[in-house]
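In order of appearance the chains are A, B, C and D, and numbering begins at 1 in each one.
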Amino acid sequence: MTTTTAFRGLVPPVITPLTDDREVDTASLERLVEHLVAGGVDGLFALGSSGETVLLTDQQRDTALEVIVKTAGDAVPVMAGAIETATSRTIERARVAERLGAQAVVATAPFYVIVGPTEVERHFRAVHAAVGVPLFAYDIPVCVHSKLANDLVLRLAGDGIVAGIKDSSGDDIGFRQLLVSLREAGLEHFGAFTGHEVMVDSILFAGATGAVPGLANVDPAGYARLHAAVARGDVAAARAEQERLIRLFQIVDAADPATSAGMTRGAGSFKTALRELGVIASNAISLPLRPLDESESARVRQILEQAGLL
Amino acid sequence: MTTTTAFRGLVPPVITPLTDDREVDTASLERLVEHLVAGGVDGLFALGSSGETVLLTDQQRDTALEVIVKTAGDAVPVMAGAIETATSRTIERARVAERLGAQAVVATAPFYVIVGPTEVERHFRAVHAAVGVPLFAYDIPVCVHSKLANDLVLRLAGDGIVAGIKDSSGDDIGFRQLLVSLREAGLEHFGAFTGHEVMVDSILFAGATGAVPGLANVDPAGYARLHAAVARGDVAAARAEQERLIRLFQIVDAADPATSAGMTRGAGSFKTALRELGVIASNAISLPLRPLDESESARVRQILEQAGLL
Amino acid sequence: MTTTTAFRGLVPPVITPLTDDREVDTASLERLVEHLVAGGVDGLFALGSSGETVLLTDQQRDTALEVIVKTAGDAVPVMAGAIETATSRTIERARVAERLGAQAVVATAPFYVIVGPTEVERHFRAVHAAVGVPLFAYDIPVCVHSKLANDLVLRLAGDGIVAGIKDSSGDDIGFRQLLVSLREAGLEHFGAFTGHEVMVDSILFAGATGAVPGLANVDPAGYARLHAAVARGDVAAARAEQERLIRLFQIVDAADPATSAGMTRGAGSFKTALRELGVIASNAISLPLRPLDESESARVRQILEQAGLL
Amino acid sequence: MTTTTAFRGLVPPVITPLTDDREVDTASLERLVEHLVAGGVDGLFALGSSGETVLLTDQQRDTALEVIVKTAGDAVPVMAGAIETATSRTIERARVAERLGAQAVVATAPFYVIVGPTEVERHFRAVHAAVGVPLFAYDIPVCVHSKLANDLVLRLAGDGIVAGIKDSSGDDIGFRQLLVSLREAGLEHFGAFTGHEVMVDSILFAGATGAVPGLANVDPAGYARLHAAVARGDVAAARAEQERLIRLFQIVDAADPATSAGMTRGAGSFKTALRELGVIASNAISLPLRPLDESESARVRQILEQAGLL
């Protein structure tokens, strides 16, 4: 069995547009996928954190994944999150994702239940054994409250258990060390993706396989230009594009922090920007989150204008 | 609408016995419920953390709840966990629990998704609005990584949104302050339960409604005696019984900490003890956890003997 | 060598009154010590967290300790904090405290420097070896960011390294387990003090040696009555007094949380209350903290009135 | 008043060599400073975390700083840590550092005492007002347990309170955003230094003023080559040197994690490497830490050989 996958380059975590009564807005989702493919992305990550996967019912998850897979067609491959509290539930969701056409599944460490490295390793090995498509490890300690240690990732990579990692740990230092260790171990085929928005140029120059930035929902073409600049070794152009995207990323500060948390700032502002750009119909978001209000949306519009997108 | 419930006194979180291939062992679960009722419990909490709810599939959850409700019959009331990452999923599980006969549902703050007090309050209000039985708030920051502040609990209690709280926060100091504040606010009917094993005498003397100790799976009669001693104001007898239970609680240290985490120590040792006591058939536990091995089980047996249970 | 000490019962952590230019107000400090002794305390803890020890210069620390020791005279014994980042600095301060007349010294785990249990144990053993008076361990993870595990405390107690513990961990559950373990190990002489204000009745009934509540600066007589009620086995009187003190403890919520943190809420409100009671001259507090303002002070006065102290 | 300083480029945090009885080894310290200057560093940071400042007595601190300032002479400028729990103590140490010849002082947020952003800002403003040399902010949440938010740093920079920052937060993402914000605010003169070892190439390419890597004690020439490669825009050479240094940085994993923590891994392994290189006499380290033992030292030697330093 090979763990090499078709995934490389720019693979945005697709947000899940909702109608105002908080059901999946399939027409908006189709337009969003077309927007991303037209922007030059290399793949799509469905049902990630930005896709509100833990806030959706199983039926909503299935609807979203079906639309994404169908709309992506042969244009780009799709990986899908199977993000659940523990092993049997993760396997259930991973098998559904495989059946619905995902070309890889993405799982986190277990959460809610308190686990150590032994349990995390057992979890990934059991999920791998139960599904027929490659498995990516999603390192997101801010949500699951444990960190995937580099030695565990190297062991799972070396044994062909996980085909890649999406690093949303905030620990670029550790990720850089992982890149060096993977190369030392002859594991260059392993897919090492950063999930962050603002150091993409640096991480790609350091040898990462690609990036999974939530902000690429809003400006896929900008991130595609950044990837292209890195690919041709143009440090100045990459840095200029990255810094433009860093300024655009300020939309995540549009929501009043006193009455909003985490995902409202991320997915909530991405959705608001996409509505302003005419890609999706509403910035509705799942309970218990709230959508950005009018004054917060005005701030998003202002930043979009400064970034040259409006 | 009243938020007063039938729940008071000793309401253990029922562990979920599994067969060696990790399916719900319904025969063992029936025997466990009979063991608890015979031991003198006042109610049952199905599908809590100790019940491995986040490690079970939805179908396994349903099976476990059906057996518990049916076996409990009219003997004692049953509350059931609807423990899910966010609002719509919690409502789905709460409605299933209601349909299967639970007389109250128990929900935590959202988890995985990062939330603040605003989102937590919106969550409980939405869940309350969607179900027909009383709602208990389950405060378990070690699993959900946010704490229910006393002022939020008082507001939800005063508005009749939640009928009670199960406090597994480890913060007995804050819980004591909550008890005083509830009385000051005229909310004596609110159900204030401690989820901890070792300060039950103190918390009951301070005015709590009851206790939800996982260890009561192993020794329901001991906790029933402790409740009775408190009820008749016998400080010395309560303390002696509590200290015996503290020594029995050392079974949670039987598992090697280098290769086990959280729930293996709790539910894993309770299951092992119940197997040794002949109540359930196996100490199997859901992936990614592992059951206690033979040498760890020997240590459990030794402690059971010292506690006079074997 | 014996580790038995003269300390038992009510041993408040003495706050350090300052003049408006933030120097030690020795006249106010004398009056405070007299207020505490008159209130019926059994000992004094100088230079603890509430005493602003980490905010004072070494010279200010010396001045405060000298005044406390001299004013206490033979009335009650004094223990003094030697709270420093690491071993050599702690030993320096412990030797000064011993020279200035402290009958015991109190040290925390090292802080700022990242340590594990091995380093913490080495630290206490080295401090013990370097000073001639008994050593108390001060467990305050909210400040030092590591917790003293019960097995470490038991080992240090059994080896005569530490004569007692002041538990400010917030973990009453662990402290209750420690009390049982100390008795099982024949270490009843070990001084087990709670540093918290609101579960003193429960912890004393569970067998603790005493309490070190910061709020006892404000109402030493109230805590003395609580201790006396426990000593004569009067559960109802102890609980009534404890609940009155819990309401009084609401003074820590007087400061606006948006512009104040930690110690402003504690020492800052205690100082304000003592100024209102006429014991000390000013509620000045060390930089970078700020004193309570007039409207916050009005709230403190209101609570003092409700508690029958004004 | 200007906040522009002489500091730029490579400014290692100088470790403090000790004799086997744990006093400052002034001869070794002189040799170390000469080793660093000969290696091509641009400045020196005395009494930082790697310099064991919180583990040294005030007298030891003074001795170390005097030797560093005197040995550095006119070759390179010296900044000195004034790392203390709170404001008055920090000011005391900052004034001593200024008197002993430091050309800038470096302070952290207060620690042990619990603080919020208001207190942190008040702290830096008070320290700035009390000293005559430029003040650097040291962001090291792993030690002080609070993070300097970018908006606070920007405000302190804009008001001329702090002349620069040493970022040891591990948050390269936030630091990259800070670099963009500083430029947008016209604060290019502000000194933005990374305190990390492994992303120096990326951070310098992103526009940082310099780096303060502890590992540069061991291989100053390597880091000097890395800085030079970045300065001439040679991405490939910078990356190759950085990756060599990442492999060298594995010396921090030489100490057995079961019996060592934090600084033993860092300063302890740097000291061991410097002893192996013949620069300092002993790898002794302050209590409660322990030096690397013989088998751990053998592992350090092996890595030094692989890196071409032995």
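Criterion: a contact is a pair of C-beta atoms (placed from the backbone, for glycine too) under 8 Å apart; a residue touches a chain by one contact, two chains touch by 3 or more.
Fair warning: this is a prediction, and the values are worked out from it, not measured in the lab.
Q: Measuring between Cα centroids, what's the chain most distant from chain C?
A: A
Q: Just give me the whole-number Å value for how far the CA centre of chain B lies from that of chain D.
A: 49
Q: Using CA atom averages as chain centres, what separation in Å is found between chain A and chain D?
A: Chain A and chain D have C-alpha centres separated by 35 Å.
Q: Among the residues of chain A, which are close enough to touch at least two other chains?
A: Residues of chain A touching two or more partner chains: there are none.
Q: Go through the chains and record each pair that touches.
A: Listed in label order, the chain pairs in contact are A-B, A-D, B-C, C-D.
Q: Would you mind writing out the residues of chain D in touch with chain A in their complex?
A: My answer: residues 170-173, 176-177, 180, 184, 196, 198-199, 202-203, 205-206, 233, 235, 239, 243, 246-247, 249.
Q: For chain A, which residues count as touching chain B in their complex?
A: So the residues of chain A in touch with chain B come to 22, 49, 54-57, 60, 83, 85-89, 92, 110-116, 118-120, 122-123, 126, 142-145, 259-263, 286-290.
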